[in-house]
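Two complexes are shown next, each including subunit A; its partner changes from subunit B in the first to subunit C in the second.
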Partner chain A sequence: MLLLLFRLSFLSFFPSLSLSQHFAPTGTKPHQRISVSLNFKQRKQREEKRRMMMKLDTSGLESFSAAVPSAMAAAEDQLFAPPSFDLPAGCADFDKFQMEAKQTLKHAKGTTTLAFIFNQGVIVAADSRASMGGYISSQSVKKIIEINPYMLGTMAGGAADCQFWHRNLGIKCRLHELANKRRISVTGASKLLANILYSYRGMGLSIGTMIAGWDEKGPGLYYVDSEGGRLKGNRFSVGSGSPYAYGVLDNGYRPDMTVDEAHELARRAIYHATFRDGASGGVVSVYHVGPNGWKKLSGDDVSELHYKYYPVQPTPVEHEMVDAPPA
Partner chain B sequence: MSIFEYNGSALVAMVGKNCFAIASDRRLGVQLQTVATDFQRVFKIHDRLYIGLSGLATDAQTMYQKLVFRHKLYQLREERDMKPQTFASLVSALLYEKRFGPFFCQPVIAGLGDNDEPFICTMDCLGAKELAKDFVVSGTASESLYGACESMYKPDMEPEELFETISQALLSSVDRDCLSGWGGYVLLVTPTEVQEKILKGRMD
Partner chain C sequence: MARYDRAITVFSPDGHLFQVEYALEAVRKGNAAVGVRGSDTVVLGVEKKSTPKLQDSRTVRKIVSLDTHIALACAGLKADARVLINRARIECQSHRLTVEDPVTVEYITRYIAGLQQKYTQSGGVRPFGLSTLIVGFDPYSEKPALYQTDPSGTFSAWKANATGRNSNSMREFLEKNYKETSGKETIKLAIRALLEVVESGGKNIEIAVMTHKDGLRQLEEAEIDEYVAEIEAEKAAAEAAKKGGFCFIILY
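Presenting the complex of A and B:
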């Protein structure tokens, strides 16, 4: 605190110093190269020092300064250095700082979601865990977002990003309905979202979503991500647990399944992913999208599923103490 | 993720009335992928001394092998088992030997000393001892464990109550950690017997 006051009072004695140089916020012009301005600032500082030193008569001290040159120079530096403040941390290399900032916000899509089309419609399933690095922040996150009564979106990546942009998509779909007097197709809805995400490409949004719905052409499923990709397909799984889910899903998939079989397949796939993947867990939610819209089929706790699929076998006791039988 | 979070672990040791309990989770993972759900982290040194090693699994196993070796030599020379306090100093010295290229493991030592007095201590990866009278924790879930133990612990608990407490503390803490859990393992040691129990936990 004292140092700050000293520096402010020091400044008042040197009105010739241009304030803008020292107190202009860095990065006001986005294209400004910080390294260039540092050199400029350093040059200015050196000029000021030289000007100030010329005012003092150090002839009497020349012999002393020759004997102890370094100490004198250091003292002079401290005494006559113009007031300045340290650049904030990370601004020496602003591009690297920006990259690091985006990295910290980058959620590694710790989740498992899947969706597949079969003869009776679309099944959409997801886990419910939200994790921040190693910490589990919630076990009860809704990862299947109801865009409108006949379209669902899944959430993977940044929770805020997914929630906001899906809601935004829902608004745009409703506006389309009102403007065109008919529902928007799944193709159209996914294209709307993909175009929005493409325009934000490179800014650090993290979204890996699937848009599933039933429109006039039948069931539709699209994968859309924050890199701007949009893919049409029959089976998708997104998130850190997706390899495990794919293994089970691809093995058990048949296009002519009944709704119950498809439900159980989706539930199993997510369960296996939660078992192997650390960032997935909580509750498996399974939805079915049919010609009349979506319906939630189940929400099962993953741990209970584990003990249902693999009940605990009573193991033989290794060292059991029993009373010796009477002779 | 740091090197300590590569495999994931959770360890806790608690002191009761003339007894102690040491518990660990059972997961071995490679970052987020779970590779095994029956991994042993708590090892026996002798009947009244156990060590749990959290952190990098390979360093935990190597550390255990080195310690068993040193203890066997001690047994041959001194013709008796090591006291827990001596053992803790041994672990500390071995860890500090590698000061500039350490083992990435954090031990939790629990034993019954003279007069059946329970002894627990933990160390960081360089051997700084932290003796405690109530409980010690270690691993990726250590912050959750501190909170759970602090609220659930009471001094002078009987063995059954101690087992309940340590199990609940462990299970509720690992449920908040992505990298540990998948079951629990509790070792309860009293002057007359040793009980090993496997806990049924959340497998996600």
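Presenting the complex of A and C:
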């Protein structure tokens, strides 16, 4: 697996060493050279894939060059065109190769995040552990991302993916505000994100996020994931620790809780998830989204919470060690 | 000057885009259209030129809806209007799909104006030869709105406005007689403005009324005739009062 990856990067540095220099069918652009060893069917599949790839929703990555007249944009395209490379020869089944490559890089969504709507708004809570396989890489990851002063997003899955696309969503929300002179609704924001993620479907993004906020219609909560799914709901928990969190959350939930009760419920739910799930831990952060925006309520270390919920009981000593009497 | 009016994207030395100004001329030759915004109603009125006997007048619709809560009337080239209206309708639905919200009147006006502007800054195309009056209610604030766009791509909100033929006299009338109205009064104001420049009668005027609850409603000819009759009666009463007072003074 690693060897294949290495070969790929090797070829990208030396594009002229491709095996098919002399075989460039008329009508294809130079960088779309097709390897001789592929048969007709595989060539067609690859062309189709490339055509499908063209339909990416790159509005999130647009720079202002999109507004510039066409001549300048064409020149820019040539200057900043991404480098291209030929597929390694002998890579007969490209789809399988791509899937395997993704699997090696994919982290299972090792985390616990939850959010729920109640009468006083939305509570959003998350742990803060990042793990790579069995290694805990960080205990202090910010998994609740502040998209704008009245909207929060949670992070589960690939950290880079979540952080980038949430910031991108923040940009789009702000642009919407400036253009339309009113804030974007939680519905609209989650739909924007879901549409972008859908267009990248199958390309290895790993995002399981909840968008929580307060807009003109009141509190809003949506679950959006990298498969392109988008669900509206009242209670969600995402991540490897979510079954444990759901148990506590569903048991203690009432729509007419006070903010303090809801805060305690969320904190307890995340704590219990971190207790049982190895990929969750660190610090429990709890946020509350009200009509005036979000406010961070607390950030408690899980190990300290443990002793709060299960204080140490002094146990009677069974066998006391005494000094042997001097003979 | 003739050298600067061929290509749309070329300015003249004194800062004019002649193609855009010629498009405005085309608008001035189009049929009259008026829009009035009340506190809970918006009214659009259009002059209906006499239909040829063999034409099916129902297929000639001058006031169209862009969405359930937005309507549009225009003055100018009707074929251009069709294209613009289709694009606006698609944009209304596209907005509903991506943001799960109906468009606001300002948003769709901005879109139409942006479209009109794009065609003043591209090669090989000519501007749309029409000005539009866009009315509607914003989805959540329930406030009525009236906007106007023109071939150059500018737009602004109005309390009442007119475009097309004799729009200046209509606008003068509206400026003199506008006051905050609601319901029937708004309709009457719009009809009175139209009657300044159009022959009186239900078959020469087309009126559409939009309220937040009931959406867009085109008035029947009979209804329009009723309003026209009311207006004429009021006018006659006002004349009589003036004359009567005058005679009174003379006698005295």
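In this text, the second predicted complex is superposed on the first by the 226 of 327 C-alpha atoms of A that agree within 3 Å, B and C clash if a C-alpha of one lies under 4 Å from a C-alpha of the other, contacts with A are read in each partner's own complex, and residues count from 1 in each chain.
Just so we're on the same page, a contact is a pair of C-beta atoms (placed from the backbone, for glycine too) under 8 Å apart; a residue touches a chain by one contact, two chains touch by 3 or more.
Owing to the predicted nature of the structure, the values given are computational and were not obtained by experimental measurement.
The superposed arrangement places subunit B and subunit C next to each other on subunit A without a clash. Of the two partner chains placed by the overlay, only subunit C lies in contact with A:G188; subunit B stays clear of it. Shared-chain residue A:Y307: touches subunit B; no touch with subunit C. In the superposition on chain A, the chain among subunit B and subunit C reaching more residues of subunit A is B. Legend: residue contacts after superposition of the two complexes on their common chain; A:S131 is shown touching subunit B, with no touch to subunit C.
Once the two complexes are laid over each other on the shared chain, residue contacts for A:N180 go to subunit C alone; subunit B is not touched.
Legend: residue contacts after superposition of the two complexes on their common chain; A:E216 is shown touching subunit C, with no touch to subunit B.
In the composite built from the two structures, the nearest CA pair linking subunit B and subunit C is 38 Å apart.
Those residues of subunit B that touch subunit A in the shared complex are 1, 5, 8, 29, 31-34, 140, 175-179, 200-204.
Those residues of subunit C lying in contact with subunit A across their complex are 98-101, 104, 106-107, 110, 140. Within the complex formed with subunit B, the subunit A residues making contact are 110, 127, 129, 131, 133-136, 139, 240, 274-282, 302-303, 306-307, 312.
On the side of subunit A, the complex with subunit C involves touching residues 179-182, 184-185, 187-188, 191-192, 195, 216-217.
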